[in-house]
Amino acid sequence: MSTNQNAELISAQTVAKHNSRESCWIIVSGKVYDVTDFMDDHPGGSKIILKYAGMDATAEYDRIHPPDALSTHLAPEKFLGLVDPKTVVKVETQMSEEDKARAQRKSSLPPLSEILNLHDFEAIARLVMHERTWAYYSSAADDEISTRENHAAYHRVWFRPRVLRDVSTVDWSTTILGQPSSMPVYISATALGKLAHPDGELNLTRAAGNHGVIQMVPTMASFTFDEIVDAAKPGQAQFLQLYVNRDRNITKKLVQHAEKRGVKGLFVTVDTPQLGRRERDMRMRFANQEPTEAPQNTPQDRERVQKAANVVNSFIDPALNWNDIPWLQSITKMPIVLKGVQSWADAFEAYDRGLAGVVLSNHGGRQLEFARSGLEMLVEVTQHFKQKRGITFPNDKFQLFVDGGVRRATDVIKAVALGATAVGLGRPFLYASAYGQPGVERAMQILHDEFEMNMRLLGARTIKDLVPELVDASSIHAHMVAVPDDRLYNANYESMQHARLREMKSKL
Amino acid sequence: MSTNQNAELISAQTVAKHNSRESCWIIVSGKVYDVTDFMDDHPGGSKIILKYAGMDATAEYDRIHPPDALSTHLAPEKFLGLVDPKTVVKVETQMSEEDKARAQRKSSLPPLSEILNLHDFEAIARLVMHERTWAYYSSAADDEISTRENHAAYHRVWFRPRVLRDVSTVDWSTTILGQPSSMPVYISATALGKLAHPDGELNLTRAAGNHGVIQMVPTMASFTFDEIVDAAKPGQAQFLQLYVNRDRNITKKLVQHAEKRGVKGLFVTVDTPQLGRRERDMRMRFANQEPTEAPQNTPQDRERVQKAANVVNSFIDPALNWNDIPWLQSITKMPIVLKGVQSWADAFEAYDRGLAGVVLSNHGGRQLEFARSGLEMLVEVTQHFKQKRGITFPNDKFQLFVDGGVRRATDVIKAVALGATAVGLGRPFLYASAYGQPGVERAMQILHDEFEMNMRLLGARTIKDLVPELVDASSIHAHMVAVPDDRLYNANYESMQHARLREMKSKL
Amino acid sequence: MSTNQNAELISAQTVAKHNSRESCWIIVSGKVYDVTDFMDDHPGGSKIILKYAGMDATAEYDRIHPPDALSTHLAPEKFLGLVDPKTVVKVETQMSEEDKARAQRKSSLPPLSEILNLHDFEAIARLVMHERTWAYYSSAADDEISTRENHAAYHRVWFRPRVLRDVSTVDWSTTILGQPSSMPVYISATALGKLAHPDGELNLTRAAGNHGVIQMVPTMASFTFDEIVDAAKPGQAQFLQLYVNRDRNITKKLVQHAEKRGVKGLFVTVDTPQLGRRERDMRMRFANQEPTEAPQNTPQDRERVQKAANVVNSFIDPALNWNDIPWLQSITKMPIVLKGVQSWADAFEAYDRGLAGVVLSNHGGRQLEFARSGLEMLVEVTQHFKQKRGITFPNDKFQLFVDGGVRRATDVIKAVALGATAVGLGRPFLYASAYGQPGVERAMQILHDEFEMNMRLLGARTIKDLVPELVDASSIHAHMVAVPDDRLYNANYESMQHARLREMKSKL
Amino acid sequence: MSTNQNAELISAQTVAKHNSRESCWIIVSGKVYDVTDFMDDHPGGSKIILKYAGMDATAEYDRIHPPDALSTHLAPEKFLGLVDPKTVVKVETQMSEEDKARAQRKSSLPPLSEILNLHDFEAIARLVMHERTWAYYSSAADDEISTRENHAAYHRVWFRPRVLRDVSTVDWSTTILGQPSSMPVYISATALGKLAHPDGELNLTRAAGNHGVIQMVPTMASFTFDEIVDAAKPGQAQFLQLYVNRDRNITKKLVQHAEKRGVKGLFVTVDTPQLGRRERDMRMRFANQEPTEAPQNTPQDRERVQKAANVVNSFIDPALNWNDIPWLQSITKMPIVLKGVQSWADAFEAYDRGLAGVVLSNHGGRQLEFARSGLEMLVEVTQHFKQKRGITFPNDKFQLFVDGGVRRATDVIKAVALGATAVGLGRPFLYASAYGQPGVERAMQILHDEFEMNMRLLGARTIKDLVPELVDASSIHAHMVAVPDDRLYNANYESMQHARLREMKSKL
């Protein structure tokens, strides 16, 4: 595409004529692109593109995409040339009432010292993030039951702490795939980090470097892979999360480039042959449309939707299967971990094929509704390994990870006691990044403080002391739904009252 | 009755004189009927008939009944002759405030593209259906616990998905009683479809034809059996739901006529020896009465109520028993399935008598309160068949079906994994039919999309991959009711709060 | 006392001088009593007596007590003579605002035909009964957990109905202690029926007679034993509930008189060595006091409270024990049943001593908090009898009864299927009696209708068909309390929304 | 320090100049202290000290601390001399609106006779205590789940009462570590009693003396150890709760002094190697700060926080371990009990080392989140002792105690039936002390009344009758979290309604 850069300049007025679905040009970073055909393949929908048809979309584009997104996904001939900068009229964007209110809330962020736990970050992020960002990050599959179950499962596991051990110093550092980690926690891959903060994934990289935590770089980041790796400190370990492309060469190039750049582990996502339906996110889009724009469920609409799905499917190959594993093993020496394994049978398969481990995960509840929590799978998987193979965990040869629903160091400790090498946190760090890098660091500091306290309170001096006997997980498989309540009976029950102050009595 | 059609015309003024309980005539589609005696046998109550005493009831009649209802249930001599059309004064119906509000809501239906799941149809139907229609459709037995349990039971079953299988194409089509079906779902019989939409059951027939789904035609439809069969495409499979009449000849005629018209399976309802009490529906009737009309619980009232019950009992024979099965088998070659079996013992009996299968169902929770969900019965029934007979499911020789509480493709998939051949959906399609045929098609499309996604996410390429190992149903029999809460203790607990924005703090 | 009736008349003015705690006279039905000493022994408290000190208390007295209460509990010398009727000034009672509101609500009772279930009676009773009556009837021990558990336990038992049985006629009549009963239900003893309706227990007697139901006459009735027996039809069976008095002669007289009057069974209460603390009831009393009247927790107050407790203890002997059983057996030929047995060990003991049965009951949750429901005890008791003695139930030789929390015929059917001969209902009939005798009859009719329907739906032609296989009681012993909720996490979860009407969207 | 008392007087004006972080003097009880360096070590934070910089802090100091707190924790040279009383200007403290409202509520306390249970004390305390006091007392670890679970666990244990035992007299007195106690209850140690009432722990001591209850004197009391012991009656038994200091000599002196003063048992806290994070308490502090004062999360801030933690750690030694037990045994003859044991393994260890017992406790839920309730531990511990050692409880040689979440005598009875010698109550007595000593006595009287009633209702004549067969604890280990609710389904369910009064219907 660089050759075109010497071509004749295009005037903004010319671009402005191509402002319709029939012919749609946009300007991004001074370059003019014809996106007429691409529009319907745009994962974010055609509507947002049409909003900038014939205009300069740089700001909006940068808000979400890595710089190389357009050049990667557009055919070279769709780059039409450079815009004549003299002809460009600066667009005045008008803030909506909603935007103003959000900006005001943003200016009222409580100081980080008042953020006491990871829940707090989420509460604040919900107030200051764009509502579509919030919907995108927080939404999950179908009725969003699995995503909440991820957290709930931790509440079914309780501690049996030990006392009278010398815990004047406690140490919860560990190694993950051979890399030292200051805690049994890593940053799990999440897409589109820029939506939370202009520095997006870089905040995570830098905070991770300062705190000795390992970041898993997402395939679908808002920055390029190299930008994220460049942000790391010398010697800072990073992993790569991988969606295997239909075009295996693209994947091969990415993997080998990553290995060359020093990435220490490859986490291949296996739970996403197709993106999950996240209805809250979908609903949010409708809410922002004018009624007249609403799709009409015509065959034409359906085809468009289908194309959009296909584009995502070009990133993510639904045909990926066990037979691809030897090939993956052949193109890299990095330890390979399967991310999204959900049954003991597949964990056995991964073990037998010489992989480095599996992440027991339901993708944050965003894919299959009624997929079980990672923690519950962990109990089942370790039990089967023990009974059928005589193998126990944690195990350096084959490492188990879990993610989803984690908010406290106690959650992590439960998973480690039950056999996990480490636990991935995704959304919590994203929410913390609404404060930029200091927010992410504060989140890590909170975990640090919680680990220190809870290791002491459990009588665990090092991570090796986190043994299964420390927990009672006997209720983990109980999926209870109460008998529906008897509304007539309950409405008749008149609740008891406490003693009341004298003056209040007279008022009532 | 046709002979009377040449009789002298009756003037509307003459009809108008018969406007009381003592002598009550009505006009329907130009014909005059004497309904004085019938009134108390009317399943919908005498009140609605008295409202039209001496008047033209055609519009109201058509809203609910199939055209042949009156001729079927009235003695021939109650047809008095044709009304003189010149004498009929068009009745101006005045819309109530409630009707106007409903009409306005109806004009604001969201576009079908915004309907993302079957819950949405229900939410919209509740807003735009007549409140009595809503009460009739949605109400259930006693405290409505079984009806909610039907849905809740699905939440006690969770998935163990498999990964790394090539799911680029997935196929969830199946065959039901030998008939191909695009999905393991059929339209279950529900009565009085016209209440939801003027085209009533025909919407279901036509949508089913377009989507390769099988409709079970109800005995109590708003259209005649032939009208519904006529609406089907050539080759479109349909089943017939059967209430066995006290008069076995009526049943024999209906069954043999159905077989001749090409119906492919007979579903004999066995859970309704008597109609369930649906108190919400009953309450709704009182709400619409003037206080003075309220029944006084006199012996006379009680007798009237008894007669109404008897009329229904003439449709549905409480004496129906296993000894009737050979007779049923003798009058048709259609495969016979018992609808409403609820114990393994009766499933064994059905199997031993050579029937084609059973529907494990509690009739949508409308009959026996505290009847278990179909899904729970399925687990018990398959377990007993396996342990005592060595028979596993799904099984072409003897097919198991379940219905009740289904809202998602994942629900269907759970039942299929546990041994069901297919799952019946009734109310969801009714609610969708508030949008007419496009609504029903949209509902089927949603299920289609959910099946495609979830088959992929489960690693299931075809319906044969939906095996019991894919689910954990170990909590299915847990009927939990929490210990009643300690109101005094709970009222004393002051909940934790999140960090708050600075400006908000000052406001509080 | 009759001798005094010829004494000189006492003027009302004389009585009026004795209007203080130091000397307190009252007039009841024209007789003057000195209640100065008795006041602190009055189970209903001294306050209400002092309100009528020196005045005519007849109306208030009659509202609650049986006519013989005063003569039974006062020493003969406390009857001072007859009041001179010419001197009595009629007291004008002024209705409070609360009383007026209640009277208005009472005038708006819905017709009985709108009462669809026993819950409805409770909802209406709560609105029209005096708030102290409501508090007295509905309150229970401590945190009122057992009383709610009584109802909740029934929800942990579900049905396995049978189909295809000829249920054109169904019959749920039975015999209780050899007496025919139209249903497996009896009216359990409850105190102070007059509070609900002027005809108090007589409503129950008459309705029971009309419906072939057996009434258990309470020791603490608002009418005399003979008045209640006199209200019965010829041949109408009645039972007697017995609190064994410290003075065994009083008990002996009562029991033998009852037997002579034809009572068919003796239910000896064994769960009340001391009355339970019913704090809601106690709180209600404080609410009606002026602050200055509030007891000051002085030793004097405490002694007074102690005396009141003792008075109750004179009715109910805490020393009653197994050694009294032979004596009881010696004074009557009536079958003796222990009411309030709560363990299998005591049920065995009762069996071994040749008693006729036990009522498994926690006294409506009014005595020991965290006593289990009768239904749960029933499962444990029958299991122990079967395992250790090889005895099954129902069993004519030794009958098991349960009470507490029953609102539906399905509740009764569950208990019978699990081995109970019959089930006692107390509060529901009391609440129904707010409508007088027709209310109680309506309640019985509702049960009748529910039995008829549910016997059919269960495929049970007679009570003998109600076998244990019809129910799944495997969750009955589960006393679940959910893990306390994570308030911070839950507050962050933003719920999903349905599709909305178009116009509503714009409003939001 | 006494030598300085003869030094020259310091004028208040001189003191007033030292009013900053750089140089900070305060006056307490006429003495001038330099607290510049100490400030950051102050467990209550530097902010409150700076508020009184250069001023007389006596009132605020006395509100919280024992008189000897300053002399114990400040180096002798920080005492600068006596203030010249003539120069001191009385500070006028202005009541805030909040303080006035609280004072008004305090003046409206209901009479003690209206306090019917321990919940009532809590409800009232919450209204009349300073909000920071309430936050300090009531807050617990992390999400406050363990603290609520402590209470909830009791609701999973139900009774199997016995009947027909002579319970005319019942006796629930017992002995604890050889000391007679009027009930199987002791007052557990809680810190800073003065916050609730000026007489702080002395209220507890005096009430305990009057009621024959044993008080456990806390290390962190608001009064000196000797003041608390002096408040006891002759012969009144007391225990001592002990935090083992890093400086073992301090501990040795305290222990031996206590033994000399007649203390009868030593409860060594072993669950607090580090203080738990109580976020509600922390949040309350932020709420009271001006935004500008909020800590900025700078390294300097963090160091300050660290120092504060260290100061607490100087009270509580995280290195304390089993090897310290022989030393403890060597310095005292008092029976030693470990407070805060939470596993059967540690209970075995304590038994093997000849200790007198253990308190199974999670420190009121204030330390490790998801630590189990004492009651649940009790069931596990006794089961292991029985199975592995053949030892049953209660057991005079090795006594088990539990604490946490107790509000009713039934709670205590459950623990005793399951093997506990006695149960500790902390917060409930603190809340009762808002009424001063009479409040604490009322609390004890309530327990007395509840014990008497419940012993009778259980058929237990003495504490020996409280055997395991009296309870069903089979659900104690069930840690249930319901499957997350289906919001869309539930929102569609339209609840049933009761019958309504006629006039109300027309209004709706």
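Labels A, B, C and D are assigned to the chains in the order they are written; within every chain, residues are numbered from 1.
The definition used in the following text is that contacts are C-beta pairs under 8 Å (C-beta built on N, C-alpha and C of every residue); 3 or more make two chains touch, one makes a residue touch a chain.
Chains and their UniProt names: A, B, C, D = L-lactate dehydrogenase (cytochrome).
Everything quoted here is computed from the prediction, not taken from an experiment.
Novice: Quick one: which chains contact chain A and chain D both?
Specialist: Both-contact set = B, C.
Novice: Once you count every C-beta pair in contact for both, which comes out on top, B-C or B-D?
Specialist: B-C
Novice: More than half of A-D's contact pairs recur, by residue number, in one of B-D, A-C or A-B. Which one?
Specialist: A-B
Novice: Looking at where chain C touches chain D, is over half of the residue numbers used by both copies, so same, or under half, so different?
Specialist: Different, since most residue numbers here occur in only one copy.
Novice: Given a C-alpha superposition of chain A onto chain B, how large is the rotation in degrees, taken in steps of 5?
Specialist: 90
Novice: Hey, how far is the Cα centre of chain B from the one of chain C, in Å?
Specialist: Here the centre of chain C sits 42 Å away from the centre of chain B.
Novice: What's the distance between the Cα centroids of chain B and chain D, rounded to whole Å?
Specialist: A distance of 60 Å separates the two centres.
Novice: Hey, what residues on chain B touch two or more of the other chains?
Specialist: 110, 114, 116-117, 119-120, 123, 143-145, 148, 155-156, 279, 283, 291, 478-483, 486-489, 491-492, 496, 498-499, 502, 505
Novice: Show me the residue ranges of chain A that touch chain C in the complex, using the header's touch definition.
Specialist: Where chain A meets chain C, its residues are 117, 119-120, 122-123, 126, 134, 138, 143-144, 148, 151, 155-156, 279-280, 283, 287, 291, 407, 480, 483, 486, 488-489, 491-494, 496-497, 499, 502, 505.
Novice: Looking at the complex, which residues from chain C come into contact with chain D?
Specialist: Result: residues 104-105, 108-110, 114-116, 119-120, 123-124, 127, 142-143, 145, 270-271, 273-274, 276-277, 279, 282-283, 286, 291, 294-297, 301, 317-322, 324-325, 338, 340-343, 345-346, 349, 367-372, 477-484, 486-489, 495-496, 498 of chain C touch chain D.
Novice: How about chain C: which of its residues touch chain B in the complex?
Specialist: 110-114, 116-117, 143-145, 148-149, 152-153, 155-168, 408, 410, 414, 438, 442, 449-450, 452-454, 456-458, 469, 472, 474-475, 478-482, 487-488, 491-492, 498-505
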